[in-house]
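Following this line, the structures themselves.
The same chain A turns up in both complexes below, where it pairs with chain B and then with chain C.
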Partner chain A sequence: MTIGSVPVKFRISVDHDQCMLCGRCVENCPYDVFRLENGKIHVNSRKCVACHRCIAMCPRDAINIRERPVDYRSHPVWTTEAREAIYNQSRTGKIILAGMGNAKPYPIIFDSLVLDACQVTNPSIDPLREPMELRTYLGKKPSRLETRQRDGDVEVLTSLSPNLQLETPIMVGHMSYGAISLNAQSSIARAVTETGTFMGTGEGGLHQSLYPYQDHMIVQVASGRFGVDINYLERGAAIEIKIGQGAKPGIGGHLPGEKVCEDVSCTRMIPVGSDAISPAPHHDIYSIEDLKQLVRSLKEATEWKKPVFVKIAAVHNSAAIAAGIARSAADAVVIDGFRGGTGAAPRVFRDHVGIPVEAAIASVDAKLRSQGIRNEVSLIASGGIRESADVAKVIALGADAVYIGTAALVAMGCRVCGTCYRGLCPWGIATQRPDLVARLDPEIASRNVANLIHAWTLELSELMGAAGINSIESLRGNRDRLRGYLLDESIMKVLDVKPVGA
Partner chain B sequence: MDGRAIRSALSMMDERGSGEGAGYVAYGAFPEFADYYAIHVFFDAIHETKAAVDQELSKWGTIVHEEEIPTFEQQNIRKIHTPWRYFFQPDARLMPRSTTPEDDIVMHLVMKVNTSIPGALVYASGKNIAIFKASGWPEEVADFYRIQDYKGYIWLGHNRYPTNTPGWWGGAHPFNLLHWSVVHNGEITSYGTNRRYIESYGYRCSMFTDTEVVAYLFDLLVRRHHLAPELAVRALAPPFWDEIDRMPGREAYLNRAIRLTYGPALMNGPFAIVVAKPDAIVGFTDRIKLRPLVTGTMGDRLYISSEEAAIRVMEPEVGDITMPRAGEPVIGRVYT
Partner chain C sequence: MSNQWGPDAVMDRVRIDAAGMHYTPLNMAIRAAVAKGAREIEIDHVMGQRFIADGLKGDVRLIIHGVPGGDLGMFMSGPTCIVHGNCDHAPGNTMDSGLIVIHGSAGDAVAHSMRGGKVFVRDSIGYRGGIHMKQYRDKRPILVLGGNFRAFLGEYMAGGLILALGPPPDRPIRERGIGSGIHGGRIIVRGDVDDEYLGVGAQKSPLTREERDEISPLIREFATYFQRDPDVLLDDSYVQIRPSSSRPFASKYTWE
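Moving on, here comes the complex of A and B:
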């Protein structure tokens, strides 16, 4: 018995009275939804992924997309997604791949936390009139300062480790060349250079054309070691060892051979057209002491001049793992929450493995404090940061800085259609097809990303000023300035926040 | 000096309070017991709670002398606690790995009593330091304890307008831990960060108010980390990064090192603070001076106050009234 067709996800309609037959939709849709025949635009709705490229390009607003025009009989247990996954797997017998971040409707903790503001007993601070400090240093810090008085001068006996200096606590996370296009990477590179912050290279090497921005790039060493050589390590402002990723904790990565073009093959140092497979574990890290060795090796290789970060996915035991990492020579721990995005991940991992970054940061910060080592390492939060309020909240929960990923892509046009894994991104972001990549103009896209970082930085300053705080370190871990709104008692205990009204 | 002058000074600033909390500290108040820790306790129901405190103290050392602190009925002060003072000699051998065992024992006792013995609150624990505080107007509290009968070489006084814990004697300033005493005008918006930082070093905040972290931070930075008091102030109210960027190399390095190491100790929000230790006092404000601070000197005396009027009533001929810049410490040292 055949399963037959499942209902279309999207229904496209074209208003033929409005349509001027310009053909932009035909030209722009890489999924072949549209065709112009006999003086009329025809559509194949089944191919649509709702990337909105046609909508954005149509000069007459003649196109309309409806989600799920025909749905299944509603059922609270047997959701559409559950049924379709079964049809899919009963046909293929395979693991289902999915793009972007976690798509399950888990409650978002950020949305149940509210921020504080000053009234009467202390004045709020106007960032337009008073200094507001968002500068953040990432890296090892001394646990205490040894000083000596000498001829009336104070001499510092403690030596400072190299730190990254950020003008705003917002960085752009690791998205490799391969996963995203070179135009997308160079747009981000220009934006972070302009705004005085940093971006990650991902595990895809560092393309030559990005060398001018290398002082703002954190180079990644992941389990496939693609693109890693001494030249790469020395060019980065910092080095990040990627152990895991929030979107797919516990598994590796796979860049299909189709995406490995000439250029990608050069930066990754692999043959053209070969699959780039990053194994699940690093095969030289089977324990915490192995990680410590790798951190030291990377530091030795770069003469202890560069901070080394370690990124882990937010999992149940993050706090203890982070405490272990903090005891190595590592300078910062990155905690990637289960809402983190990805080009491709098995759906079952994306939706079911890991924990939210809010809870992970809160427990890591608390654990490090209980061991008296919190200020010695930096803590970077990532995975599901959607706006400046999320940045403020996660810093108040204990993070030093954040990585954004999806938000930066959205700033370049991404509509979160979640089809990155097909490599046909019509916005020129998650694709290597030259004609599609050419659609992304780094001149404009870099401006968009820089604008976004700038706007969030302004909002963060305003939020801090309203809370009577003029330096980011006084917001960090300041959970007294958060309240939980309709959060249950157990999660408030983990977050160490009081309920609203208390 | 006896306590009369500071009583008259505070009476000039009744506008700043609400009659729900005031207090004083005198350094050098107990010459006959100068070598012992003067542990002050508020007992709620003394016959029920005192035995537990006695027992805790006896575990760690010897009570050399103890007495109920003499008080004299005032119309508006309801004596809800019994103020008590012990003169205590800790047994240094019980804290073998410490470089300052006696201080560490007393600090441990303070945290232990305040977090585990309900109805007993240790509100002072230094040597030769007397604290007088209660719920009332400053003049009433002064008369309640008859502070004119005590002599000191450093006095701090405070008039409270409580928002957080009105009427609670423990909430009145000065706050004291070991040799540190703090009076504070303002509200610390970074309290959540400061408290979590200091608690990771074994301090326990039990006074329900932001000011106590200042005493603990000074204890950590100066006593345990051996920073000079002016550097501790620099950590609590550091220069802005823009200013640090403009400093010459070594100075910039020092300030950067302080901010990186002690970022969680940085205090934000409006405040004017005076901290005393046996050989010095330090006054300073927040980095943008959201609270007033005025200083004056007369002979070998330094006065620090929220208002000039309070200094003038003690020293009508005071010459050099100055207003220190935001974050800049004013330090008075005791010379012998």
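Moving on, here comes the complex of A and C:
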């Protein structure tokens, strides 16, 4: 009783006048918040994670959730979160595990950047009338082309590296089968196939039922090498080496044994119920030279037919690391910012390690240009891309394309409750429990994800048209189309943008 | 290759001179020979070419004379590689199935993340041998070595078997971190290992008679490849290192 109960995080109330005792809240809540007893719905608010499944399913809008209904004595330093973390760790002596992305209220650079539009001196372009070129090619571009003219035809003599052709610069990032359900993965797979873009498999192998979509899938090779064999590598449209992740830079991953069911076991190629442990480093990569060896081994295994990407977490010296990667024969570098989501990460890493993707992309792009090797790799930005404006801004800061993750999950119903690590996702996304997975209908969810990609693509072309730009290539690295609004001078120097009014 | 034998020739045995050859054309020549039905490919003058048999599939035997570079047989699925010489780092890296026999020593991370097949090394290996080997259903990777090994043997091991037959009993093992983070599979070492050299999560136990019987075919196989007397090895004492838990990290975390 030294510490006693800490206040409930959420208070549920049921309007009993509205409630018709249908019991949908009871059925839908996997956290056992609700029970129907003696003709009345009873609640245990302490179990609530605010996933909103009950709210979404209640036919009478009879349920209400209030966050933090009990006030602590307010204090600017000893926040509720700080105090509750101490209570937790003083009881358990353990590392706090958390979900989703960075939950600290750091200022968001995207929200202090504004986009440009044409007025009078050069006309804006109407995307309804004029073609807008959003097609994006990811991979190496030759620094020069050798050509020969013969009978009026031009023959390209330079041998070209394989590139991925995207119809929109928006891809869906790597979320493994295991971290998310097969229904969630196949919904995304259908959506990217329909919209002409790509998704990542994550480090969980490629389930057989996704083979029809393999031409739109980037297969991942991470430090655990789960699910990796030559057939897997040959199936992917591209291969991505995962060095790090924005949500937890510098550490590995553990898929708890509870999530390794029969099917997950088969795809990852590990026994049922065993922990899938991805070590912090790849133990065959201890240097930038070793990375080059892994890149080349993957290319050699697939006969140089597939682009190879390297994903790193955005950290202090990302620019120098990316410059090393660009010289390793890799075709693209993925920079995952510190707002990137995750199924589970130690809270201390999620909230405190890494840097924002906006600054990382700008500095990587600048470094590669200054060394004359920007054409050697494409740049993919990820981690905290919430809307089409973020896509436009990060491309203007130097990215070629983006990966979205959380946004795609939200499109499938995710309420960002951040409890993915419990494996009980009531939306059927971050769970392997068959009854919960069955709640996610790939017919509908794939439509939602495709709609989102389509809508953002439309907005992106409108934003470009307004700025008088008709090709995504003219937006890329075009910092003149950005202005910093109340950003300090040092950040604006890193981003290489001028302040508003200048 | 095709010019030498004609487009339709089926050659059981092929010989490639790798002198001065880059690894990509070398692998292309190997793949071309396999595609034409070669069952045995002998490669001479190998000097540091990496990725030999990388991702190679099929039932073919490669006889390699010289010193292959890193990642020999990476992602390999099926073939056999007999190396007459030493190997650089990570032979058998993420190998799926097949056999690698090394008449010499090999560098660091031998059999890294290997998921099936066998690797036999006549002499010693470097650091992190058999790191993160894993098994699944009928696939159980096996690494057998006749000499010494350096630190972190079988680190993060998730499945399979490492059998260390050396060094001779007069030179005790003094390499730390054996099996650190091990959560599946077994490391069997000839002689004894002092507890202070075991990694976190590893525990030592004697072999049962059944377990000894299980390793004797491997000892005989090793002895056959390298012309050693199996009886000396069969008669000696062994100790095994196993995970103290299959869930080494299960109690490390508390929910937010």
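We adopt the following convention: the second predicted complex is superposed on the first by the 496 of 502 C-alpha atoms of A that agree within 3 Å, B and C clash if a C-alpha of one lies under 4 Å from a C-alpha of the other, contacts with A are read in each partner's own complex, and residues count from 1 in each chain.
What we mean here is this: contacts are C-beta pairs under 8 Å (C-beta built on N, C-alpha and C of every residue); 3 or more make two chains touch, one makes a residue touch a chain.
Everything quoted here is computed from the prediction, not taken from an experiment.
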{"item": "First (chain B), second (chain C), both or neither touched by A:Val156", "value": "first"}
{"item": "Which of chain B and chain C A:Pro142 touches, first, second, both or neither", "value": "first"}
{"item": "Which of chain B and chain C A:Thr302 touches, first, second, both or neither", "value": "second"}
{"item": "Chain B versus chain C as contact partner of A:Thr80, first or second or both or neither", "value": "neither"}
{"item": "First (chain B), second (chain C), both or neither touched by A:Gly257", "value": "second"}
{"item": "Partner chain in contact with A:Gln214 - chain B first, chain C second, else both or neither", "value": "neither"}
{"item": "Which superposed partner A:Asn451 touches (first chain B, second chain C, both, neither)", "value": "neither"}
{"item": "Where chain A meets both chain C and chain B, residue numbers", "value": "none"}
{"item": "Residues of chain A defined as touching chain B within the complex", "value": "118, 121-123, 125, 130-131, 133, 135, 137, 141-147, 149, 153-154, 156, 158, 160, 163, 369-372, 374-375, 396, 467-471, 473-481"}
{"item": "Chain C to chain A touching residues, read off their complex", "value": "23-24, 27-28, 31, 50-51, 54-55, 57, 70-71, 74-77, 89-90, 93-94, 96, 109, 112-113, 115, 128, 131-132, 134-136, 139, 155-156, 158-159, 181, 183-184, 246-256"}
{"item": "Contact set on chain B toward chain A in their complex", "value": "163, 186-187, 189-193, 195-197, 199-201, 225-228, 231, 240-242, 250, 253-254, 256-264, 266-270, 287-288, 290"}
{"item": "Residue numbers on chain A that touch chain C, as the complex places them", "value": "88-89, 91-92, 94-99, 223-225, 228-231, 233, 254, 256-257, 265, 269-271, 274-275, 277, 279, 283-284, 293, 296-297, 300-304, 346-347, 418, 421-422"}
